[in-house]
């Protein structure tokens, strides 16, 4: 197409007044029912903002908690409804003018995200752990995020009993983004969704009540690196767009497959230029691998996990991974299967160094939250092994693993919020010595989570690990399985270390106390344990769900 | 659908474990009795299973099969052959004794109570740590898992238990150390958790490598059910490439060799047995480790016959090394329990040798050996435990002339020792001789080398007995009490059993023989024929 | 004139931005470099849009701007709060958490 | 009748069980019960014997199968007994002498508070020994074989508070175990060769296999025999075994257990007949031991050790005879029986002496005891005459026959063996005379011991003397009774077979020669110990004497090579296990930690570093993908 013709594209719209283009204009069709989950969450989030504006301070907390939980529950109900309606399997299709794909993976992941965020939100709402200041219960968020730590304004805010109830709408926005992320069917939606769920997270990281400096530092690091990575993602998108002339997955896939035959000679140098495709693909992958925290894009993880308020960490660790892996799956299975031969070796390498790197560095960690961060990196590696399988089995195994893993993570971080001393949460491992003697129950629960992380049989961790390894082996990635096994062995070492610490070492005199939480956190932990054990003992039903959901629509 | 006997046998102790754990902190004795009752009930069930088992019947009996995890090709399949039922019975038999012997091992020791009263502000609230309940609950939990693993005829199910049983064992070792330790409490605690971690990591690594093999097996076979795999083999629909089979075999064998333990993967055992209380040590060597040797017989040979034959020479050599090496190190030990541990290593060498001699005598011998070694080690170790708790030291050098002050203790100890050196007339002799004959008829050299084991065994047992029991009475030993009723109740039945099985092992062999013949046909091995058919 | 040059320019800008992120200490500047990268992307989008002769690229550019704006809001908020509590906008000072 | 056989074993076994489990309340009656049951067993033996005499020579073999012991595919081991003339001989010897020694012990152990247990052990020994000799297959024989080993272990170490006793017991068991190793290997060989190890089938089928196999089996059996019968090179334990109570030395380490090796070889005659090489080794061992023992016997001042040396040497004779094959089997057994009588008698005599001398064992501290304990003197004397082979007494007949047989072996071999046997006879005469002189003649040389009260030698109680008298009768008449009309020969021949070798020298010459050497031996002894007074403190003596005092340095050799070497080996192995085997694993763990520590450093907290890693990662990612396409 010649330059003049391109020019006419907008001269026509602007200059000549004729009805023709107006008739050409076709109103977009939006399947609102099928987007219901997202819409509900976003809607309520907006309402939440209004609540912040208009509802008196006293009532805000309860209103927000109520709204949030209701929203998530409703959205989940909607997802279930859609799934029941067969949108996961037979009626799976592309919705919203090709922007969103409603199919098995989408619904499964949305369901997982919604449930995990629900239990995570319980920990957000927990207000019994911190000693009540000035007779008012407080949660783990700053009285007034804007006030400088240690300043008079902060003291005043605390005295006034302010609380940052904005976190709830923020969570909802973030969740909304996460819901769209794995469903995104074109790169633009992908990008926007990414930002939508990232920005609130940046903020949430910054609003811890205790250790605010660290919290803010975490936020800065997360934000800058996140922005950096999304820039890469965006440039990659740009290149892919240049390659295919479109950002829709289907279109790009077609070009990759070469099913688009006629290429305008004028565009020969860009259209279908594999250099663009490869570089662009690689950069998009970078963006996504950053979010899943794969080596070498993982370095933000420990710092952010450590600095962020623990409830946020739990939410982030669980939900972000789910969403990001969903998007990664879709990208690799829908857009890039055509060049599996190009990205597979690279992903192999990434998976291997992720598994080993995460496990090895975790050995010498001394802070429980950093430890869990590194373990999450190692787990990302395991999941990647499943992703690389590129078989339907691979998809479902990854879905299952994500489901299993997210609940364990939320539960584990919820337990971390309970162990406290004067300075807030006692996250240094040495403080955990002898916890098993002081409060056997909590220690036992945490041990269950650790064993699940370690992939000991009869826990969900084992089922998940077995599923992905099986898929990988089936998909001809036996090597990854071996590496995975080795790194699990290494990983086992530090999980065991924590258990030893909790049970076999004498409690320190100035050791931390275990706060008795409100039903909220109890529910979170209980759900975590329940899911861990159920998926460990009788995973069949959920495996079925996952395998039914294991097909992408294109 | 008949009564699921096997499930019940495994479920009962599991329930018992939960019940015991639920007993309130103050009611320690209740917990103990509860655990004992449950273990006895389990013994009864196991006895019924043993009675219901027909030696002549199908290979696997009392079978149960339910769908479990379809996607993994996993079924909940149970069934016992002669070997399984024998070991199951052994487990059920030993646990009550273990519980009785450990009756006071988990009472909160004065030292720990001091530390709890010493401790920080939060010690004002009642001491919530309930060691006693935990101890017995964990023992029952181990029993449940071990029994189930002897019954599992589904590789995956077995694997899960094989791994899962590590956790309770781990807590038993690390959480309830032997009070009779050398050095300070902290030092002892450190050694203890080192031992526990070592135990767990060794076995976990073994298990994880096995996991890779298990997955590989699934990729090859598409199922985990022994019976289905056997059918597939028979029908020829399943044929493994030689290399694949070998790799898978190695994956499995490694895990079992760690558990067994076979040289050079044995070093975790002495630490574990040394640091654990002697009942737990018995649990390790007499019960849990048997799963490893059992699995070699059940899975390695049955799933990978060709690879097993391929690996036999190396394994036989390793077994021989274990026999001699273990015995020599036992001679060199200064710690009673470590000595017994190394003796066990030597005995496990015999068991493995018998299994991989791949002759009827060898394998029957190996199976009997598992049972007899269980009983004899239990007897020796428990008496040693009684001795150690009296004097509060594990060092041989701290004893002397005990038999003068506590003749019954010394006598039972001697009998345990004689069983360990497999004196004819006591059960271990039968199995050891069978193993030797089996090994000799397949590999004469191996047979002869293994025979040196009997001399070394005599050496370490008699040296131990001489140093501890004979000679002038040591001052610290003066006035040591002889065995109490509870302790006699533990030891005497075991000794009686040793004598009975030594004189009349027929009931056992009759159960075991058919199973062994099945295994022999699995590996398509015939016994070497005697040179002269003098029999007729 | 060949639109490919614009691509080269975009790539150049992107690289400059990236380099800035790696080199500069001041959080604000780092952040501006990120913005620069985003704008490089925009340029690329627009260029490709012209080359392909469809409008998607330009639309995306608008989206990018909006997102960038949102990012500015969040980013500045965070950076400012950090600046107020530390009296320094250097990213290297924010290194409490390490190892 | 067959059913009685089991009772032979059952009676003492019951005794052992009751006495050992019975507890204190049996302390008063225990020894009577033990003795009674031993006697019962003896009576049963006699009954069976009479019954056997009533039958023809060919159908004198009785069988009794109790139950199938270890039924395993292709492997049949039964608990079954076989009682033929050979076994019968042993049964009578064991139960007879055994009963006597039970009676003797009643008096001897009177003051020991653990007497009950002592009798329990004695009964246990009887049971095991009987199993050994009436088993109908080698595996069951092995059971008895180890059983007597255990009993001997318990009895040698009966006074466990004495470290020396405990050590001696351990040593005995260990050395025996080495022998047992041989037996078990022999059994395995039989199993792989014949598919069975029951006497009948094996011994009949010897013709059907290679001589090499048989030689191997034979040598292994010989190893076993060496262990049990204290033959070179496994003889070292017997001397120390004298730590045990004297009745034990008499019963186990003189009359019965130590002769089990001879039984084994004679029983397996068919195998040895077919394996001449093995036989040669047997005779060599026998010859060497009979000299070895004799020499040691000459040097010892401890009366029991001296007797022990003589036992060794006498058994050497038996082994030698057994090694001669059919020529010698019968005489080996005959000498075994007579030796059973007079050696038991001698030991009991020694015990009686010690009993009277506050358990003093050093002969140099005796002297002139004949006045104080006449009965002991006479019985001991008769035993002495018997053992040196005084014409007309037991030893004369049995030993003489062996020497003849040795010559009859023929060839240089025969000459060598014969002359060795003769030499042995001379030395025997010497050391026994020495013992006699030192103990009963000359001046009294005992002094007050440390506590100052000096021993009052006195005759032992009836319970002790009566057995001695009975045994003395045996040692006087048994030989003659057996030899007249070749009774013993005809009795045993159906089992062992017999052949008259062609003696190069006539029997009379041999007898004459024996007489000559006997006189020489006695004469030398007389000149050395009879004429001039004996120093209480042993003179330094010649090199040979000193060596002989130390069992010809055998123990020193064992100590240096085996004990020390073993200690070093085990110690170094413990080290290896800890550093190498364990170290490898710990090492990997440690290196993992180190690696982790180094990788950690990368996480330096600077956002820009993280950005660099991301940037680099992306670059690598892109490069890699492009490369993938390029290649």
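Order of writing sets the chain letters: A, B, C and D. Residues in each chain are counted from 1.
Assume a residue touches a chain if its C-beta (ideal position, glycine included) is under 8 Å from a C-beta of that chain, and two chains touch if they have at least 3 such contacts.
Every value quoted in this text rests on a predicted model; they were computed, and no experiment measured them.
Common neighbours of subunit A and subunit D under the contact definition above: B, C. Comparing mean CA positions across the assembly, the chain most remote from subunit A is D. Rounded to whole angstrom units, the spacing between the C-alpha centres of subunit A and subunit C is 23. Centre-to-centre separation of subunit B and subunit D, using mean CA positions: 37 Å.
In terms of their C-alpha centroids, the spacing between subunit A and subunit B amounts to 46 Å.
Here the CA centre of subunit B is 65 Å from the CA centre of subunit C.
Residue positions of subunit A with contacts to 2 or more other chains are 220-221, 224, 228, 232, 302-303, 493.
Counting partner chains per residue, subunit D shows two or more touched chains at residues 589, 600, 603, 605, 607, 611. Those residues of subunit B in touch with two or more other chains are numbered 201. All chain pairs in contact, by the document's touch criterion: A-B, A-C, A-D, B-D, C-D. Remark: subunit D residues 600-601, 603-608, 611-612, 615 touch subunit C in the complex.
Looking at the complex, you find that subunit A touches subunit D at residues 220-221, 224-225, 228-229, 232, 274-275, 278-279, 281-283, 285-286, 289-290, 296-297, 299-300, 302-303, 341-343, 345-346, 349-350, 357, 360-365, 490, 493. Those residues of subunit C lying in contact with subunit D across their complex are 18, 21-23, 25, 30, 91-92, 94-99. On the subunit A side of its complex with subunit B, the touching residues are 436-440, 451, 456-458, 462-463, 466-467, 469-470, 473-474, 478, 481-482, 485-486, 488-489, 492-493, 496-497, 500, 503-511, 513, 538-540, 543-544, 547.
Contact residues on subunit C toward subunit A in their complex (touch as defined above): 4, 7, 10, 14, 17-18, 21, 27, 30-31, 34, 37-38, 40-41, 44-45, 47-48, 50-57, 59-60, 63-64, 67, 70-71, 74-75, 77-79, 81-82, 84-86, 91, 94-98.
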